[in-house]
């Protein structure tokens, strides 16, 4: 009820439909991404191998989220929800590695 | 600052650290008393003074009418924050003192298991659930658990350190008072957790020497000497030889140096490194060597590991050749 | 009390409009998916930690996985995401037959994925790569390779469990799909399930490089 | 504060949600959030009683230094089950699932939560999870401590770890679904005109709580699954013998279990904000500060878990980081206490029972919070970690804070929930007895802890006995205090005098409908035109001063 319901409701009943071509383009891009990530794994990029793999995965995920999952057409609240989840995940990772990554920094053996 | 002798609110102070923890605690306690009294007095005064006089009465919204309200809120956010940061800084300083052992501390070893403490002195003498130490000598305990997580806790020294089954952790203190002090297991470890207790006996240095000397003959074999026998018994010496034909890294003079690993990272060869390299040789492969060493996991006890680590510590680069020919 | 004026029973009594009902469903589903992110997140955190501690063991263990099966499964799952998206589109545009066909396609692709996964698991059992007393690994750092396989089974197992649940729900959706249960006005369930299925796909998009593609150039 | 055509409600409605339908089925299959709240009320009370009984047995054992009353393994099961039942089955669902469930739709002018069936499902999940735990209890219980630290829980005990783990896992999903329902409801179901800054602080508190439930609970769920896999299938994650690190479990566990403390206290803070405003008849001092403090606590609460691990082998550096972050989370809590106190200034304060509970909360929470600051201080925590000091601290927060808030809220909304009043004298006496009993029980434990008495000890050195006897005596008083509301609440359901729609003269949409409310909550959809806690002066006579148009 947070939204004025009467005037907008008639148009809201017919959802916006993405053209079929969008879906097939996204699918093609995802397949290319898969091929690219396999290919990149066989090239020695040093430390960048991980970064490239992760970057491709994030790009693929973004496509799925925006188009297949219709976030592009949702209210801005949905991205906020997603980012709050990812933010907490980041906190989990960063604070966890803040422990293991800093062992021995302050001169106490093993800690 | 004064000692707090025989106060019913504070445990005995067995070390200088204990005194500094008590001072920190008194500071925090002062803050607690001031703030909680302030709140309690204000609440009680308002309760009485603004007690409802008649049914239709309502309160006065002072927040909206008074432009200073928000400044007031900022004040009571910022002042506590300042005090908290002081407490944080002081507490961190004390924590460093609690955990960073001074150089030259005597090295003791502690093995925890359900539900007892096994302790080994620098000269190899062993005790169970008791630790005798000399007064005024900095003592460093290197601790490992054979099963679950335990915790070494001596209230008189005001510090806990968990005893892990996966790596050595350290505990240090310098006793400033003779007598007997409680030793507790501070981390719940199973059925007889509350029986995993013992005592720290702080003695005059001369009494400690006498106590060390007064033990049954043959019992005291320095950990390093036992480690040397074990080193041969486990056939470590067939590969870890101090000559250039060795298939394994030369251990002489290794301890305390920086080791370069296969992937180029460098680690310090400390007690945890040596222990891990015996249990999981392949976890950290030294550059230029193949991962051919078998694991000794399950084949050596934690106490034997302590002996081996102690032996490796004694291997000096200079007399390495002599050691190997034995 | 606008519900009475709308008449049809697919607007729940406590909502005022279809829009409100749809937005609630979407927000609810996304909130649920955020909990799923954190649910998998615990395993991802353990994975990152152990991989950073034991990179060599993880690389050796990863090499024992079949990259072709992994890549094939990735393609299959992306394909099923496409059919799922088209099924939802069928609901949006009021084409029950499209929805039915696409849901069936999603179910078949999902089952293919699970079948391939079963082959891979069986292979792990025959090679004693399943963590436990009978674990055996011909590599330099077997204990930490075992940790990799713990995480491999934990992560892909949890993912497969989500697939199995999804496939079961899909099977129950086929009949209503044909009946035209989902209309342009209210296809919230179909849309919500689609979000779930895409999420499962997303997890795999990350699992594939993390588990199969470690240091393949060596 | 509503300008809708809602008439001033009839004093005593003839039909309402309680008598709209009869029979067991009308309760067990209900989708009405109010009835589900009552289902929760009954079930959490059962677990509270069980957990309380265990507390009494624990205090009985600790009255003497020797372990003479129970065998150690029985004692260990007692404190473990006390923790599990109280935390996962009473404190975490307590205020949100009972009061939140009942009140959030009423407070925002909705007919129900966004997902009524999921709401019912969440009660069933809770009940199934509870059944698992009780089943485990009957089959010997579990003795790992509620923290389930590995490798003790995976390799070294042979009690019902798995059954209890499954119970907690299922109850966790109940908690997630409740949080999800609240978030969607608060976003999507608010009455026209009810903007975010017109929401009661109770709703803000529950919104913040829901964020934690959504984002934290799944991590502990996966950690429990990993423990189960390690215990049953020997798939190593944490066991050092299998290459793992037991400290990782502690990280994953506390990532949820520290914020879980805020799941318990934030709703209580919301209740206190309502009580302080209602019984001072004025707006909360600095409404926005208090609202944002709730969100601030929820977010900062995720950044501080490592303060449970200062001595656990965590890096010293990480300890420093977690310590300073823990200091920061104290600020919004302090802001709330100061703002409640400032609200009393120039209020029109009545000494009704709920207000007495609220004042008890403020006092006990202040002490609990300030001792929490001591525990966040590295140098002090290294000494009092895992001693009775921490036991005393978190009981001041959870019992002195969360349960005082829960009981205060129950006393405040009881007339709305049941349509009946309770005896004034006995209820005020109960508030007093609980306050005294609580302090006698737990204050000595601060001293015990600083003296070095470790927690989870079945027997202890004799010099600690005096303080332990004091604590056990206090527990008796506290137990009597908790029995009193149980008796008079049950009595009032049948014999209590009828309550009017708005017995306290408070604002808030929930007071604008009948007591008890009708099934669909309001006769007409309300429209909100003013901020919360807008009191207007009225001539001396009359029931209350809330503006009811």
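General observations
The letters A, B, C and D name the chains in turn, as written, and every chain counts its residues from 1.
Please note the rule applied: contacts are C-beta pairs under 8 Å (C-beta built on N, C-alpha and C of every residue); 3 or more make two chains touch, one makes a residue touch a chain.
Values in this document were obtained by computation on a predicted structure and should not be read as measured data.
Touching subunit A and subunit B at once are the following chains: C, D.
Relative to the whole-protein C-alpha centroid, the nearest chain centroid is that of D. With each centre defined as the average position of its C-alpha atoms, the distance from subunit A to subunit C rounds to 15 Å. The distance from the centre of subunit B to the centre of subunit C, each centre being the mean of the chain's C-alpha atoms, comes to 45 Å. Inter-chain centre distance (subunit C to subunit D, centres taken as mean C-alpha positions): 35 Å. Shared interface positions of subunit C, defined as residues touching 2 or more other chains, are 16, 20, 23, 27, 31, 34-35, 38, 41-42, 45, 49, 54, 143-144. Within subunit A, contacts with two or more other chains are made by residues 1, 77, 84-85, 88, 92, 96, 100, 104, 106, 108, 110-111.
Chain contacts: subunit D has residues 110, 187-189, 215-216, 219, 243, 245, 247-248, 251, 313, 316, 320, 525 touching two or more partner chains.
Chain contacts here are complete: no pair of chains fails to touch. Across the interface of their complex, subunit A is touched by residues 2, 16-20, 22-23, 26-27, 30-31, 33-35, 37-38, 41-42, 44-45, 48-49, 52-53, 67, 71, 74-75, 78-79, 81-82, 84-86, 89, 92-93, 184-185, 191, 194-195, 198-199, 201-202, 205-206, 208-210, 213, 215-218 of subunit C. Within the complex, the subunit A residues that touch subunit C are 1, 3, 5-6, 8-9, 12-15, 17-18, 20, 23-24, 26-27, 30-31, 34, 37-38, 41-44, 49, 53-54, 56-57, 60-61, 64-65, 67-70, 74-75, 77-78, 81-82, 84-86, 88-89, 92-93, 96-97, 100. By the touch criterion stated above, subunit A contacts subunit D in their complex at residues 1-2, 4, 77, 84-85, 88, 91-92, 95-96, 98-106, 108, 110-111. Residue ranges on subunit C touching subunit B, taken from their complex, read 54-57, 139-144. In the complex of the two chains, the subunit D residues touching subunit A come out as 109-110, 187-192, 194, 211, 215-216, 219, 247-248, 251, 255, 302-303, 305-306, 309, 313-318, 320-322, 525.
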